[in-house]
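You will see chain A twice below: alongside chain B first, and alongside chain C after that.
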Partner chain A sequence: MRQLLNTLFVTTPNAYLRLEGETLCVEVEREKRLQVPLHHIGSVVAFGDVMLTPAVLRRCAQDGRGVVLLDRNGEFSARIEGPVSGNILLRQAQHDAAGNALTALGIARACVVGKLRNARQVLLRGAREAKNTEDTQSLQQASRLLANQIRKLPEVVDLDLVRGLEGDGARIYFAAIPLLIRANQRKVFNFERRSRRPPLDRFNALISFLYTLLVNDCRSALEGVGLDPQLGFLHAVRPGRPALALDLMEEFRPIMVDRLALTLINRGQLTEQNFESRVGGAVYLSEQGRKVVLTAYQQRKQEELTHPLLEQTVAIGLLPHVQARLLARTLRGEMEGYLPFLTR
Partner chain B sequence: MDQSGDDLDDAVPISALQHYSYCPRQCALIHMEQTFDENLYTLRGRAVHEQVDMSESRLEEGMRIERALPLYSRCVGLVGKADVVEFAVDGTPYPVEYKHGPRRSSEHDDIQLAAQALCLEEMTGREVSVGAIYHHSSRRRREVAITPALRDRVKSMVPKIRDMLRTGQLPPPVADERCRHCSLKDSCQPHTVAAKQRLHRLHRALFTPEDECASS
Partner chain C sequence: MLILVTYDVSTETPAGRRRLRQVAKACLNYGQRVQKSVFECKVDQAGLEALQRYLLKIICEEEDSLRIYRLTEPLERNVQEFGKFRAVDFEAPLIV
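The block that comes next holds the complex of A and B.
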């Protein structure tokens, strides 16, 4: 199994990255803060005003090491690509599949069932760990509602209806999420409903930031296997939107983001001070808060889970790659349909 | 099959022969799907090849030595590059293929060498009856006779590879002993693709959520 290498996140403004032999150096105000062997690094993610020498960019591109530039808040700005031309036959198959209503429906459905089943596991785990029977019962009730949505999926033969079931499922799920936040944290993390662009409370700010990291990982995974990240099945094509990366991300949201967000909150690793509010109500993670989250995200990626189809353990951080490859194999007609990753 | 004229668009890369003789799917993954995964073997192989990949031409004891020499055969439909070709004083070429280690089966290497020989014959008009595989780890040369049987193997394999590349059909995985050392195992997923029943079983259970008690 492919090795999960570290992602180097550079968040310090005006940091300067340069090569020194086979190592990568991070300098801040001419002072060397970090020096890591290149072969330990799988990709570099730079937030805001970070400088990278042309030698760093060239070397990373050549080795297929991803370099992603995000703005200070983690929004995507650019990606540096190497000379890999990708797989035109695979992209052709992807386009054919997207043009075939039945195939597209099948893949979209698989993305949604992956998301809803993994979301349900988050609720069931919460029900087992809940401190009072009232919470347990509410969480069990929500998971029953989600199970109903899941069972309805195979009968639905229209893409918009699949999206409808997904939307209803997400509402049921997010309505139950506050019950998973520990009572003593519910004042600071008073999550009610999902809000984006901008996030209007701390929980939304947290998961939005993590989803941005996840969609980047999914995008890299798709590009890595030669798929076109812009042509999706569940998510409609829209200029500038990585629709397929969003499709692939669905099954990982509960496992890689929601669970992690809840852990960070319930363990008290994130506090009120780790967030900033803007006039008008937008809420973002602070610089310090982002560091906490990035470290936790990296650690989460190192944890291993058993993959039911591969029948072997896989680092969570590699799951997007593994699933992107399975999707590619499905599109090339080698597998009977896309099978999302399901957690237990 | 049209091999007239200078159009080598359809020419088969010499390296594809070696891959195809090892495993047709490996050949397709590399030359069709553009998959390239590194493992210990490919990294070692690359390190060896970096030493011979700088094109140069020099004289050594009256013998002309060419490194990274471009090769082609319009008749057979091949293109590629030779690691090293030694030209004897009379002009007879002697191809040498560099390998990073001693490998169990040599047929795949021999086929690659025979393909180089066929190219060199067409390019120089001289018969190439012998070449060598240089094993980097043991620093030994193994001389290989370019027999009629080996030539026939090359000539019959080239159209098969060309057809495969033309149709874009991915051969099924072999899922046998060969996969163990293959650098493309992660991409190929031989055992996953072959495990149709497991996939089918998981698909059938996909929309049936486990009940609350069973998952605790």
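The block that comes next holds the complex of A and C.
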């Protein structure tokens, strides 16, 4: 089993990263803040103006440690990659599958089933925990609607219809999300609908930031098993778009992001002060807010649960790797069809 | 696993001082310095063996001594920390 390696997040402006022997040093104003042996680090995520020496970039690319550069708001700007390695036969199988409408449809459908099933679990849990019967009923109603969408999926034989069901499902789900926010937090987190580029309210800012982290993790997982992260099944291919990473991410969105966001809000770990508004109505997490979220995300990844298919305990952070491997097996024809990860 | 590497390297000769620096550097590649000649390293079996082999190449067994302890889990119960120094947990969220 693969080990869950840590991610180093550098959020301090003007931090300087360099190699020292087999360790990575982070300096701020010429003072060493952290020195970590490379063997603990799976990837480096740098926010805004962070300096990395050429040696760090080269070494990380060589070892296959991801280096991701995000802008100050946490939006993706670049990623540094070493030479493409892995299994050409697997990638060939992936390309063949993408060219085969039936196989592609099957995988796309599985991704949507994963997303909607897990989204439904989030709503059902909300319904169990709701404080008044009105909320409980609305949440149960929304989860019934989601169940309907899920039931329709196996019959759908057209990729666009699968995408349509996914879109409708997402709308039903997001419409119910405000009910999962505790009453005393609803004024600060007045989420109405999903908005991105830019996020227009605090909840959107929070989940957009977390989705960026998650898509990077999914991308690394795919690259780790030798799949091409850009060739997707559900998401159409577009230059620069990690379509397969977005496909893989669908099933994890509700459990690794939405649920975590709700916990942070409902426990009061994030407040109004952790966000900043920009001209034009964009809302972003503040530097302090980002630290809270990054810490929570990393801790969440360490939590373990039982994978229903493998019947093994797995750290949540390794789920994308496990699922990427299952996807590879499907593409190789060793498995009937792809099975998404489903929470209970 | 967490291991504790401690050493005494003779500093009487320039060669000894050189070995001391080399040993410290090697340990840093695997973990962190928690006291002057005490290092805590989180390694797997392969890492432990590599580190041990590497250190044995550096030290002079007639003059120096090296001790490697293996700490049993759970660490939060078996390691206590007092005083001004706080060790970094390399497996906890790393945010600078």
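Just so we're on the same page, the second predicted complex is superposed on the first by the 342 of 344 C-alpha atoms of A that agree within 3 Å, B and C clash if a C-alpha of one lies under 4 Å from a C-alpha of the other, contacts with A are read in each partner's own complex, and residues count from 1 in each chain.
Following the convention adopted for this analysis, a residue touches a chain if its C-beta (ideal position, glycine included) is under 8 Å from a C-beta of that chain, and two chains touch if they have at least 3 such contacts.
Note that the structure is a prediction, hence the values are computed from the model and not measured.
Of the two partner chains, chain C is the only one touched by A:Q298; chain B is not.
Of the two partner chains, chain B is the only one touched by A:R120; chain C is not. Look at A:N87: by the touch rule set out above, it reaches chain B but stays clear of chain C. Of the two partner chains, chain C is the only one touched by A:V28; chain B is not.
In the superposed model, A:D160 makes contact with neither chain B nor chain C. More residues of chain A lie in contact with B than with the other chain of the pair chain B and chain C.
By the touch criterion defined above, A:S143 lies against chain B but remains apart from chain C after alignment on the C-alpha atoms of chain A.
Of the two partner chains, chain B is the only one that A:R329 touches; chain C does not reach it. The interface of chain A with chain B does not overlap its interface with chain C at any residue. Listing the residues of chain A that touch chain C in their complex gives 3, 6-12, 15, 20-23, 26, 28, 33-37, 39-41, 291, 294-295, 297-299, 302.
Chain A makes touch with chain B in their complex at residues 1-2, 84-87, 89-90, 110, 113, 117, 120-121, 124, 127-128, 140, 143-144, 146-147, 150-151, 153-154, 225-226, 308-311, 325-326, 329, 332, 334-337, 339-340, 344.
Remark: chain C residues 25, 28-32, 41-44, 47, 88, 90-96 touch chain A in the complex. Against chain A, in their complex, chain B makes its touches with residues 32-35, 37, 168, 170, 172, 186-187, 189, 192-193, 195-196, 198-200, 202-203, 206-209, 212, 215-216.
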